[in-house]
Each structure stands twice: as structure tokens, then as C-alpha cells.
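Shared between the two complexes below is chain A, which has chain B as its partner in the first and chain C in the second.
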Partner chain A sequence: MKTLKHILALVVLASVLLAACQPAAPAAPAAPAEQPSAAPAEKPTDIPAPTAAPTTDPNAVVPGGKIVIGTPQEPGVLNPLLQASSVEDWVSAMIIEGLVLVDPAGKYQPVLAKELPTATADGLTITWKLKEGVKFSDGSDFNCDDVKFTLDAVLSDASQASTSGYKDIETLTCVDPFTVEAKFTKVYAPYMRLFNFILPDNAGKLEDLDNWAFNRAPIGTGPWVLKEWKAGDQIILEKNASFREEGKPYLDSVIIKILPSRETGMQLLGTSEINVLWDLVESDFPALEKLADKNVGYAGAVTGENELLLLNFGVTDGSAPADATNAPHPILSDLKVREALQMATDKQAIVDALLSGNVKIGSTVLPAGDFACPQEPSVYDMEKAAALLDEAGWKMGSDNVREKDGVKMELKITSSSGNQLREQTEQVLQKMWEPLGVKLVIENVPSDTLFAGWSSGGLRKVGKFDILLYTTGPFGGDPDSHLFSNYHSLSIPSKDNEGSGSNYSRYSNPDVDAWLDEASATTDMAKRAELYCNVAGQINKDLPRIFLYERLLLSGYNKSLQNFQISPSFVDLSWETQNWWLKK
Partner chain B sequence: MTEKSSPQSSSAPASSKNSAPSKLEQKPRSFGQLALRQFLQHRMAVVGLAILLVILILVIFAPLFTQYSPTDMVLRDRFQPPSASHWFGTDDLGRDMWTRVWYGGRISLSVGLLSMATAIAIGTLIGLISGFFGGWSDAILMRITEIFLSIPRLFVLIVLTTFLRKLDLPWARAGSFWPIALVIGVLAWMTVARLVRGDTMSLRQQEFVQAAVMIGASNRRILFRHILPNVTSSIIVAATLGLAGAIITESGLSYLGFGVQLPTPTWGNMLSNTQNQMTTAPWTAIFPGMMIFITVIAINFIGDGLRDALDPYRVERG
Partner chain C sequence: MAEYLLRRFLQAVFTLLIISMIIFGLISAVPGGIMNAYEDNPDITKEDYARLRAKYGLDDPVPVRYVKWLGNLAQGDWGNSFVSKRPAIEEIGDRLPNTLLLMGVSLFFTLAIAIPLGIYSALKQYSVIDLVLTTLALAGQSLPVFWFGLLLIIVFSVSLQAPGGGPLLPGSGMRTPGEAFNLWDLIRHMILPVTMLSLVSAAGYMRYMRASMLEVIHKDYVRTARGKGLPENLVMTRHALRNALIPIITLVGLDLPYLFGGAIFTETIFAWPGIGRLFFDAALKTDYPVLMAVLMIFSALIIVSSVLVDLIYTAIDPRITLS
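Take a look at the complex of A and B:
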């Protein structure tokens, strides 16, 4: 009787403990077997075999079939004017196309435009030539009126889309139905990125944007048409019969399946219940490799972003110095110290160990795209690093931490807590710099503390850090705004500019400022590329940031799906989906 | 001291001086002896105690049981499954899990003990004052207790820990477990206070307390010499149960990233690092998780046993 009572007590206790663990630990390892019951109620049946393929060539396209894309997030709206999350971006990119989009190599490609737009010599007039004979999925024709409508829509009050560039358009004229000419009030250098979505001019009344039926039943020129949207479950896309390319898309339908978590997605990918799993990160490589024998692979695109160490040139008391020269960081303001830290960082070892060697080490702020500017990667050399620190006056102390004028070489590294890959990186760096006599202290904070805005005293904005570890870079094509907001001295957040800008290093170099100003005042692509490359080179000399590795936009997929590519832009995995087909 | 002033001491007078063991008859024993006997009869409690002792030895003398350091990483040996050279396998940076589990236990158990000490110090004081003096002091203190009980604990924990860290005190730097232990303690005293208050109120009516009042003993003397020793049993029980709770709270906080900073291992932050590798390297989750589970269960059984053993009425009947 007594033992029975004890056993009972134990069971009750155990369950209470498990329950107690739950809220604190959402994915508590204590409950690994527990899969939310929301898992596929109706399992997507596997790809039906296409009716008798007569072709003998195994590489010949076999049309037909359907695929399932798993996503741990569900879109809310599918209207580029209202979209606010990346899942909404790529799902709507399957339906709605733009004039010019970024291809998997990071270069601009004409999609609905016949060719890339051209600028006049003064850079104030841009001309787009449109493809002819294109129809929206509702049967209406695509022409200049739709471009005009899209411009009005972007600039309308209810629109949430970025108006950058669009608001500088003085007049937009339809020279003929398939030639669009825009006159700008001032030079808008990254004009290629304009009109990356086109809405049909019958989409709805602009003042009534929030209530458009279009928002959950979008109409575009893309290869897919939305057939059904079961909230919380799946979105069914069917082929657009009037798609502009003959015989395409090859597949009959694409199902976007909403999953409870990425981990579930990994399992479904292994059992071939889904063909594609959207949005993986580099730390998923080990799990992906385990699925290699199930024909699972990944597609990635270099986004132009780097995982990087951001070094603070100014004081770290939170006073947000606008000028680091008057209030220099006691350790990091010395260029020799920064060079030594980069030399003591074995980037390749980090990539090999933590990312299975699947990404490239970081070496430049512009790794990809039309403006790519490759630079010589830094050399890993501990001895030289030590010599540099000696030279700079940092002498090794008895506790194996360097010292200069009574200041210990102790640096804090900060990232948002809970990111496993970053926590790993930090610990590896700590070990790497230890023999150099640099004591790296990890002090991670919740992401809202770190990334908070100026008025809430975000650590990054007010400069209350030594070294930050995070990712940034020119994402999705043109580096104009990224370089300006991260490296121009006008972008140092301070009281004077009410904390705008992302130059958290408090980095200031007159040459860089001049090059950036010049580049944003011209539409000459070659000239801009040259100027940006100057900037990239100077950044590597001044080292406000140490680039660790290039980030990828990743998705896992079953390799039976052909032509699956990622565009390093909002388009993501929806690049030329009309060319997808299933190989048996 | 405890035994002498206990209300039962009258039923077992002076026999505690049993330096000469007389086996002639099963004569009355001291409270301590009876309690020990009672505890040893509680089989689960004994098992719990044995397990906890083993864990404590492994944790305190961790360096003797391993050849590795808890922070040394061998990057090419990441995610090694348990083997002869790594009994618990290796973690995501190629560190020995066996070593990290025991070093992590140091922090986790320290947090548990320290926070419980804090909770008991505060809780006992408030409970004693509230129960003994009654009246408006009781009313005020108990309302405060109720306010603390009604605050969502995790939320306050997070705010307080962040605040303490912002002050940048030398003892509350990153990697230190002091702030988190204190904060957990400051938010865990309410149960103790209520228990002690209840016991004190009933003890106040007992003859030996009345007698002390009659002969003019000061309040302080009555509280600390007569009443406190008699509420220790409740305190001990509450402490063991609270200790388990504190370890779990620390795990939760570490999991959320508010706990002890890396690379210092704790059972909690070791667990928090395993979300992505549950399927590929389950041992990285199983071992720290198991340690929390086993420790908490063991402590709970000990608390259970202590409650039975220290129950005055039960002792009398036994």
C-alpha cells in the first residue's frame, strides 16, 4: 500500500515537474516525443506519378505533379502594399511579379521588363520597356497603366510599403503602352530596385486598401494562382493557365503547408512529406547532413550580409558620443589593437567547426551581387597579432591578460541571448583570444534590450558595448542605403540626429563620407561600383567591423525537385518557380 | 537546544544523555533519535539522501573525477556520442559533457542553497514577527506577503536580474550566480513566512511560552529561544521543497537567457543550448535534464521524509 502511494507520488511529482518546466522552456527537452497535435491532419499525399512519361532522356522535363513547401510561419496578407514579414514576401512573389528582380547570383534581372531600365546622362529620367502580351491571371492585360497604378498605390496613405525612391518620382508617363518613363526630382541611385512588384490596375480603390479582397486573394502575372487558403493549415496554389511562358509552369500545383515548428519541418523533410522547408539557418547544417541519405539537400544564396564583430570606437558609458575622437574607447580605438584582434580570429576554423565548412569566411562588406567587391581575406597569425599588441604598448600581465597604463585588456562581447550559433561563436572567440592576452567576457542580453531604439536606450544605439556580434549587410541588391547608414559619419546615432543611423562603431572617415556622397548622386552603375569598392577597401583598413562569415539565405529541399534556387532578396525561394519540375 | 525546549521534551526528559547504552528495554528515546529512526524507515527518503550525497560528492570534487576542463573545447570532436573517453558524450563545441554536468551542478546547487537561505532568512523573520505580535503588524506583513504571492514571479525575476546586472556591481558581473540566487530567494520566502506564522500563532498559546512570558522573558528571548526552535521542522521541510523549486527556476531563467552567462555551465543553460540538436545529439539534452530531474526528486523525497520524521505528534506515537 505504502509503496504504491510512493510510486503514485513519484508519478504525480514527475508530471508536475514536467508541467512546471513547460512555460519557461517552450521546446523543453523534457518533452521530446510530444508533437503538437496540430500536425498535418490530412497528410499531403505524395507526388502523384505523372501519367506515363514517354521521354527516354532522364534529364528531360517531366511536367505535372505537385509539391509541398513547409513553412513554420503563416502569411497574414498577400499584398505587397501591406506585407510585413518575409513569409508574406516570398509567398506573394509566387503570384505577383515585378519589373526587375534579383536573381540567385544577386544580380538584377528583368522579369516583366524587357530589359534592365536605362537612365539618362543626368540620372533624372529612367525608362523601362515592358514585355508585351503578358496577362494577369484574371485575364486583363499588363501594360504601363498597371505600373502607374502601382506607383499611386505605393504612395497612397494606407500603403505600408517603403516609399524610398518612389516619392522622388515627379512624373510617370506612359510613352506608349509598353514604355514607362519616370522623371525624378533628384537622383535616386538604386533605381533598379523600384517596381519589384506590379499590381493590376483593377485591384481596388486605393482609399479602401485595408478591405481589398485582393489582400487574401492576390492577382498577378506570376506562374501561380491562389486557389484556396485554409487559415492555419495550408495555401493551395494552382498553375496560371495564362502564364506568359508557353507550357509553364511545369508543376500543376504548389501547396504551402503551415507547420508548427522548424523541427517538425525537418522531420517531414526526412519522410518526404514535404518537398521544401523554407527558412533554415546555418546552425541547421548538422541536422541537414543527417538527412543527406534521404536525398535532402539545401539551396542557399549569399545574401550580402556578414556575421560580424562590430567594434566600438567610442566610450561605452552610454553617452552616445557623436565623435569618437574626443571620447575614444580605451582599448578598441587603437587601430593596431583592432588589427591584432582580426589576426587572432581564425575565421576558417569557426566556419569549419560550427558551420561544417558550408559558408565562405567574411572578407568584404560587399560579397555578392552587381556591386560585389571581393577583398583579400584576413590572415590568421597569432604571432603577428601578439607583436602588434606589444607594439601598441599592451604588455602581458601576470594573470595572462594584457595591460596598458593600468587598463586591463578585458572586452565584453554582446549578442542577443538564446541564439545558439552566436553563443557558440562567442565561446570559440573567447578561447581563440585567450592566448593573445585578451580577456573576452560574454554578456548577452535579450534582443529587445540590444536592438531597442534610441528613445528606449537600446545598447547598440547609445554605444553601451565593446563588441557586438550580429548580422548585417546590404540585403537584396543595392548597397546604397546600407553603406550610408552603417559607415557614413552622418549616420552615427547621437542626440543631434535623435539616434538615427546604424553607424554603431562611431566610425568616421572623411574619404568614406565623400565616396558615399558621390555614389548616391549618380546613376552610373560602373562609377558607383568603383566608389563602393573604395569604401569596402577602406573599411577593411580601418576595421570598424570584423567580418566573420558570409550569411546565406537557406532552404532545405528534396533533390527530386529541379531548378530550385534562392534569390538573395525578398523573393527568396520563389525565383523562377515556373521552371520547377519533379524528377523521378 | 532544539530538543530541550520542544514541547515534547517533558515526555522524554533527560534520557537523551544516553552515553551508556542500556539495551535492557526500549525506553523513551530523544527526539533526535526518534526522528532519525523515523527518517530511516522512510525508504524513499533514504534513497533520495543517498542519491543526493553521491551527486554532492561528484559536484564538489568534480576535478577528481575528470581529466577534462569544463571550458576546453576540441572543435573536431563536436557531438560525440557517449563513449569510453567521453562518458556523457561531447557538446556542441566538443567539450566533455560528463565534466560540464558536474561543474554545472556547482552553480545549480549553489543557486538552490543560496536562494533558499535567503528565502528562509526573510520568511522566518516575517513569519515570527507576524505570528507572535499579531494585530496590525500581522495585518501589514501578511498583506505584503499576499502581494508578493500574487506577482507573476518569472516576470519580476527577469526585471530584477536585468536591473541588478545594469547596476554593474562587482559581485554581480556576468558569469556570477549571486544576483540570480538572491533574486530567486527574495521572491520565494512567502511560503516559509506563512508556515512559520501559523506555527508561531499556535505555539504562542502553549504553556511553556506562557510560562516564559510570566517570568518576564523579553520578546526577543521568547521568539528566538522558545519559539524558533519549535518551528525548525516546518522550515526544514519548506526549505527542501523550495530548493528543488529554485533549481528549476534557475534552469528556466538560464533557458531564457537571463541566468548565468556563458561559458559557465549550469544545468539550465546546458539544456537551453540543445533545442536544435534534440534529434541529432540527444545526449546533450538528456544528461543535464536527467540531473535536474534526479536532484529535484531526491530532494523532494528527503523533504518528505523529514516532514514525517520531524512531526512531533508522529514521534510521540512512534
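Take a look at the complex of A and C:
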């Protein structure tokens, strides 16, 4: 997609120039601005325990100073109701807080709430207790009215925020200024994720949302206040003088600098011109290691996402069958074939060769957080894989490619073009599967083509692929919506459901459906965890997807910055930024 | 004259209309677009998705969207950016001064380098210096702009260190983050992008200047001036140079919009917060109100400058008439 857009940009520019009989611009590819493939993470690095009490020891907090965070992308708006990109999410999370957020361990923590919300036995009433004495940076008090306003705002017409869960709230009552009680029309299992941002009730008129001054000068309860935004250049945040924690934030200001690319950011990190570089990916590990002597390290968190192979159970002619058993994939619909492919995949070798061994191999759809469900990693065994294919009737042909009933075992693997790491992964897989008699053909497409929606005939939506290589998983806390949209049979995109859902494997298992339905009908966390774990186990038996490795959410930083942590959620590096300080 | 201007104006409007149709069609033909951000988010319900599509006006077929866009433009409304929600024209207004600054300074240095060197080269035709200069000019014209820019960054911002530590010259942005504005800081940030832009285009201008000067100094009126006994430097400045500059002025006029095109490369490479970078980002996000606004303004600039060049021609050369 990026290439396509480069070309488009150039073609359009050229056509304009030609229109005036001008020489066309040299058709040279400009340095691509890196798109952040939301990369996720483990490695709770060498983060010192928050040292709150100033004493005489060398680790005592030194307040003051400023830091610069580099980002290859610029936010458009800083209003959670309108945000649509990850850079907008974390920048606004420095200013705007929510009732409950996901901490660096992937667990829910109360932030503006006094404690985690509680549900009644029927799961239909949820109660939040709010912290008292909190003020917005404009001096107004934070209380239940702001929660109510936020609900109205999310459900208003111009809002672009997800209405999942919010739309099931029948009434929201302020029992007292600091107790919020919501009655739901039906159980909303992942209720913890609700109200992960709170807007002040004086933010603006809802029907005029797009024109709010707030959109580029947000007001929140967080540690920072936006002081200046130079478009295309930098955003300056200053400490919120009325922040609720005494003496915090420690730093005086945080500057967010827009950079041309991640590569430039790496250089600037090495020369200490920036303190933090947002959004690295696993393939940046070698470059990071080179900067180790410049006091540069990284912080990361396992996001719950996996780099994975998505196997298509249905036909690949683009007919998008709602039930793949009626129109099965000629090769991949056979479980034995899928098992053989996983057995012939040496995941550890991929991680070691391409990622310097810095990530864990994929073994479960739920690797982290409150609902983690570890599973036995798959076994790498070429002989067994070959035996399985023999058993399934796939005989080795004279050209070293297996065949059955005249069908060659030739599979296409597709990813978004231009991603070097994925291209390398595909080549490694090609080599790994060759001795098995599986011919893997690499056929990458621009990401816009791959990820396009149903109405524009996105090849993933209509099923025009054998194997896809990309990253997905339950990001940012609760797996409810991810598991439903990726593994429930109702989420198979087809004409019947107007192409909604992300179950691109066209995977259907009645047990999985039943567990997911049951889990989404209860607020009992322990029960839900058990049901999701059943699902995770069943997925590894049915193999609609082969998990290659766990993704990390990564940022590089100069280690003089203390208490720098990553939350595996939209908050990203903006976790408890009030505790950041610079060690000399 | 008035009739001529009216005719050119109507032509321009018609051309812009055609251009707008073509680019609108091209932008709409790109798969994906702004809605891709919501495509894979399991928390975005089907209803949310439909509401958002409608909000962005993407439900209408492309021709309908085009007519709506054109209708709004007729009333002076360029539309709001999909990304920032601000009026597209404000997004451009924020960045225009930065682009103008970079382009203006670059153009100044381009001409300051190209004109004297071109003249010198012409006057000492076939001398060693002339040969060196023309060879360098050819090499300069053949340099891919983006490659040259990256090379500058590698040499001056990565390899070479300032005496006090840190890179010799900053390779991105227009000021040091967190520092109050100061002129020296701005100049330091401008050195690399201006070098890239001016060296490459100076090469071209130098060749034009040389050719133009060579043509003029063999004209009869120059010989006459010499024959009258005028000192050589007066012959050159008063008679030769003035005439030789005419085609250069034309070229500068025609090249102005092209300079904005060059801004896309320069600003993307050096993270210069100008229109070029805005255009590039908008293209990546298919933010079509901003894309359309930038492109239409570029197109209008090109047309306006070609009309201006025609007018200047008639002013400086009485033999040409507008008809």
C-alpha cells in the first residue's frame, strides 16, 4: 500500500506538472515513512523500582528537567472520541486518564477509579468508585458528571470511538458525586475496559465535536498539559500544576518531536538528541544493541498478539463461503496437513535467526495479561510431519512436491509487501517446508490491498489466499472481542453478515462457539478465564492459525530516564509518566 | 489585454477542473483508505463502522463525492482533514510559511551560485575552469535529489561530530526541540536542506546561464558596443548580461511551482514541517481533502505562473504581442 501510495503521489504530482508542460518530478521513491505495525512485548527490562521518598541515596529522585520523545508519525487530534491511530492514543494518554487502565504486566489497574469496578451477581449492574479531590488541568473538579458526559459523548453521532459495551448501558446513575452505577441491558463481559478515558463535562457541545478547540488542546486529569503544538514539528507538554499526586510529575516538560523516520530516530537516540524513540519493532534489536554503549536500552511488553500463519479452510476463488465445509480448501482443509505444517515449522530457529532470540515462540492465542493461558509449544519433528502427510494421502512426486488426486501441494503465502522481516520469514518457511514436499510460493501484496474491507473486496475478507502472514491477537487487556471476531463462526466474513468479522480462516467449531457465547454472558472473571483457556486449547488442536512468535510493544530510550515502562495497551509508553525522572 | 486575460482565466478554470477530476479519480481508486484503521478493530461494531463511513462521506459513489467536493469548493470550503478534523486550508496555512522560507532561501542561493558561475563559464569558454564547471553542472543535474539528501545526512549529521559532541549539523526538523526560537538554530537546521535544493538546481541554471550568455555575446549589438569603445565590463553588464538574463527570468517563473514539487522530497527527507511533508503524510493516510487542496493549489500556481511569464515576456520584449 505504501508503495502504491508513493506511486500515486508521484503520478498525481507528475500529472499536475505535465499539465503545465513542466518537466515531471524525478520518479524517485522518497524515503518511506515507517508505518508502525503495532508491535508488542515482554522483557520487563531493568526498570528500577519507583523511588518515591527523596533520601540521600544515589537513587533519590531528582525533580526537574525535560525529555524529548521522538515519533515518526504525528497525531492529528488528541481527543479519544476522534483518535484513529496509535500515536494519537499514547500522546493523549499523557494528558487524559481513564477510570481503569492496563498496567505494564497486562493487568487492569484503577487510575481515576479508587478500586476496580464491581459487578452484581447477575452481571447487569457495574459500580465504579471514583477518586476524590481530583482536578482537571483547567481547575474544574472530576466527578461522576464527567463520567456521564463521557458516556453521552461516546454515544453521540459525531463520535468515532467504539461504542461496544457503552451502547448496552441502559442508565448511568450518579449515586453520589463519586459513585457511578451503570445498569446494562445485557451482560457486557469485558466491562473493565469501559471508560478508559474521561473527558471533562465542559469539553464542548457534542453536535459540534469535530470543531472542538479541545481536539488540539485537550484537558485532562493526567500529569501533563499541552502548551504548544507546532504542526509537523513538535508538541510541547508541561507539567500539570494541579496534578493529584504531590510533587509530581517530576519532570518539568515532555517534548514530542516529529521525525522523518524510525532510522533517523535511532541516530538521534544514539546522539542523545532524543531521550525516547517510540514504536520500535523486533527487527530493530540489532540496531539497538549497537547503541548499548551509548546508554540506550529498550522497554517492552508482551501485547498478547502473535506473528502468525493464518490458514484458509475455504476455497480461494473469492466466493467467501459462510460454511467452509461446503467449499473446502483443496489442501488446508485437512487437519493432518495443518498439523504437518506446524510440525515442520522450527519456530525457535526463526526467532533465533531473524530476531536475535529476543522474543518467545508463539504457542497460545492468550500469552499475557489477566486471561493468560500458556500452552505446550508445538514440537518440531520433520519425520512425523512427513508421516502425517503420507497418512493423509499426499504422496511425494518426482519433482519433490507432494500431490494427491492430481493436486500439487503448492501453497501461496501472502503478507504486506515492503516489510523486510516478513519477507525473510517467508523465505525461511519456504526452505523449512521444501524437504517436506510442500512448495511455498511467496506472493505479497500492498497492505491496503491485503487489509481492505469487504466492500472494496479486500483479499483477506473474501478469502483469496492460502496462507497469510501477519500479526493479530487480543491487544490491550480483554480477549473477549478478539476471540469472538477471530474464532467464532458468526465472525466468518460472508454475504450473510455483510462481510463483518475477522475469522478469515473460516474456522468453525461448535464447542468454541459455545464457550465464547458463555464467556461473553458472564462477568465472573475466573469463569471467563477458564472458558477462554478451553478455546485456546481447542485452537491449538484445530490449527486455524500457527503462532510463530509473540509480539512486543517496544520503545527505545536512554537509560538515564527512570521508571520508563510500556503498558501493553493503547497507553503504550505513557504509563505513570508522573514517575519519570532523569538520573544524572 | 483585458480580453486576453479573460481568455487565459477561462482556460485556467477549465484546466483546473479537468485536473481536479483526474486526481480525485486517482485518489479514490486507491484501495483501503481512511477506514482501514477501523477494519480490524474487533471493538468497532458493524454499526460504528457504517456510521463512520457515512461521517466521512464515503457512502456516496465517487462521482457524487466529487460533485459535492466541487460544490463546497465553489463556496470557498476546501473540506476538513480526515485526520486532524481541521479545515484543510488551515493545515496548509500552518505549513506554508515554512515551505516558503525554505524555498525562498534555496532559490536565492541557487541563483547566487548559478548566475555568476554561468557568466564566468561563458566568458572563459573552453578554459579549464569552464570545463570543470560544466562537468560539475552535468553531474549535479544527474544527482537523484533524495539520494543526495540522504548522503548529506550521513556525512554531516552522523559521521561528522561537532567539537562539543553531537552531530555537526542537525539532519531533521527546523529547530532543536524544547529550545526557544533563535536565528542561529534555525540557520543550522536550514544548511543541509538548502544545500541539497540549491546545489542540484543551481547545476541546471548554471548551464542555462552559460548558454544564454554565450548566445548574447556573439550578437551584433555587443560588437557595436565594443566598437563604440565602451570598456569591456560595461559591455558585459549593460548590454550582454541584461539580455542574457531574460530567458533565465522566464525559467525561474516557470520553475517556481516545480520547486514546491521538490519540497515533497526535501521536506520528507529532512522532516521539514512544510507543505511537502503534509502532502506526503496525507497521501499515506488517504486524507483526500488535504491531498486535493494541496494539489489544486500547486496546479493553480503552475497556471498562474505560466500566465505571468507570458505577461513578463510582452513587457520585456516589445516584439511579442498577446493575441
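Brief remarks on what is shown
Operating definition for what follows: the second predicted complex is superposed on the first by the 528 of 584 C-alpha atoms of A that agree within 3 Å, B and C clash if a C-alpha of one lies under 4 Å from a C-alpha of the other, contacts with A are read in each partner's own complex, and residues count from 1 in each chain.
As a convention for this text, a contact is a pair of C-beta atoms (placed from the backbone, for glycine too) under 8 Å apart; a residue touches a chain by one contact, two chains touch by 3 or more.
Model, not experiment: these values are computed from the prediction.
By the touch criterion stated above, A:266 is placed in contact with chain B alone, chain C being left untouched. Of the two partner chains placed by the overlay, only chain B lies in contact with A:353; chain C stays clear of it. Contacts of A:431 after superposition: chain B is touched, whereas chain C is not reached.
In the overlay built on the shared chain, the residue A:441 is in contact with chain B alone; chain C does not reach it. In the superposition on chain A, A:284 makes contact with chain B only, not with chain C. Looking at the shared chain after the overlay, A:234 reaches chain C, while chain B stays out of its contact range.
When the two structures are aligned on the shared chain, A:156 is found in touch with neither chain B nor chain C.
Once the two complexes are laid over each other on the shared chain, residue contacts for A:418 go to chain B alone; chain C is not touched.
In the superposed model, A:449 makes contact with both chain B and chain C. A count of residues in chain A touched by chain B and by chain C gives the higher number to C.
The residues of chain A shared by its contacts with chain B and with chain C are 6, 9, 13, 17, 20, 23, 25, 28-30, 267, 446, 449.
Within the complex formed with chain C, the residues of chain A that make contact are 1-2, 4-6, 8-9, 11-13, 15-17, 19-20, 22-23, 25-26, 28-31, 33, 35, 66, 68, 73-74, 76-77, 82, 84-85, 157-158, 160, 162-164, 167, 210-211, 215-216, 230-234, 236, 253, 255, 257-260, 264, 267-268, 271-274, 446-449, 451-453, 456, 458, 472, 481-482, 484-486, 498, 500, 502. Here chain B touches chain A in the complex through residues 43-44, 71-73, 75-76, 78-79, 92-94, 154, 162, 173-175, 248-249, 251-253, 255-258, 261-263, 271-282, 285-286, 289, 293, 296-297, 300, 304, going by the rule given at the top. Residue ranges of chain A in contact with chain B, taken from their complex: 6, 9-10, 13-14, 17, 20-21, 23-25, 27-30, 32, 263, 266-267, 283-284, 286-287, 290, 349, 352-353, 412, 416-418, 420, 423-424, 426-428, 430-431, 441-446, 449. Listing the residues of chain C that touch chain A in their complex gives 15, 18-19, 22-23, 26-27, 30-49, 51-52, 55, 80-86, 91, 94-95, 98, 144-147, 150, 153, 157-158, 166-167, 170-178, 254, 257-258, 261-262, 264-265, 268-274, 277-281, 283-284, 286, 291, 295, 298-299, 302-303, 306.
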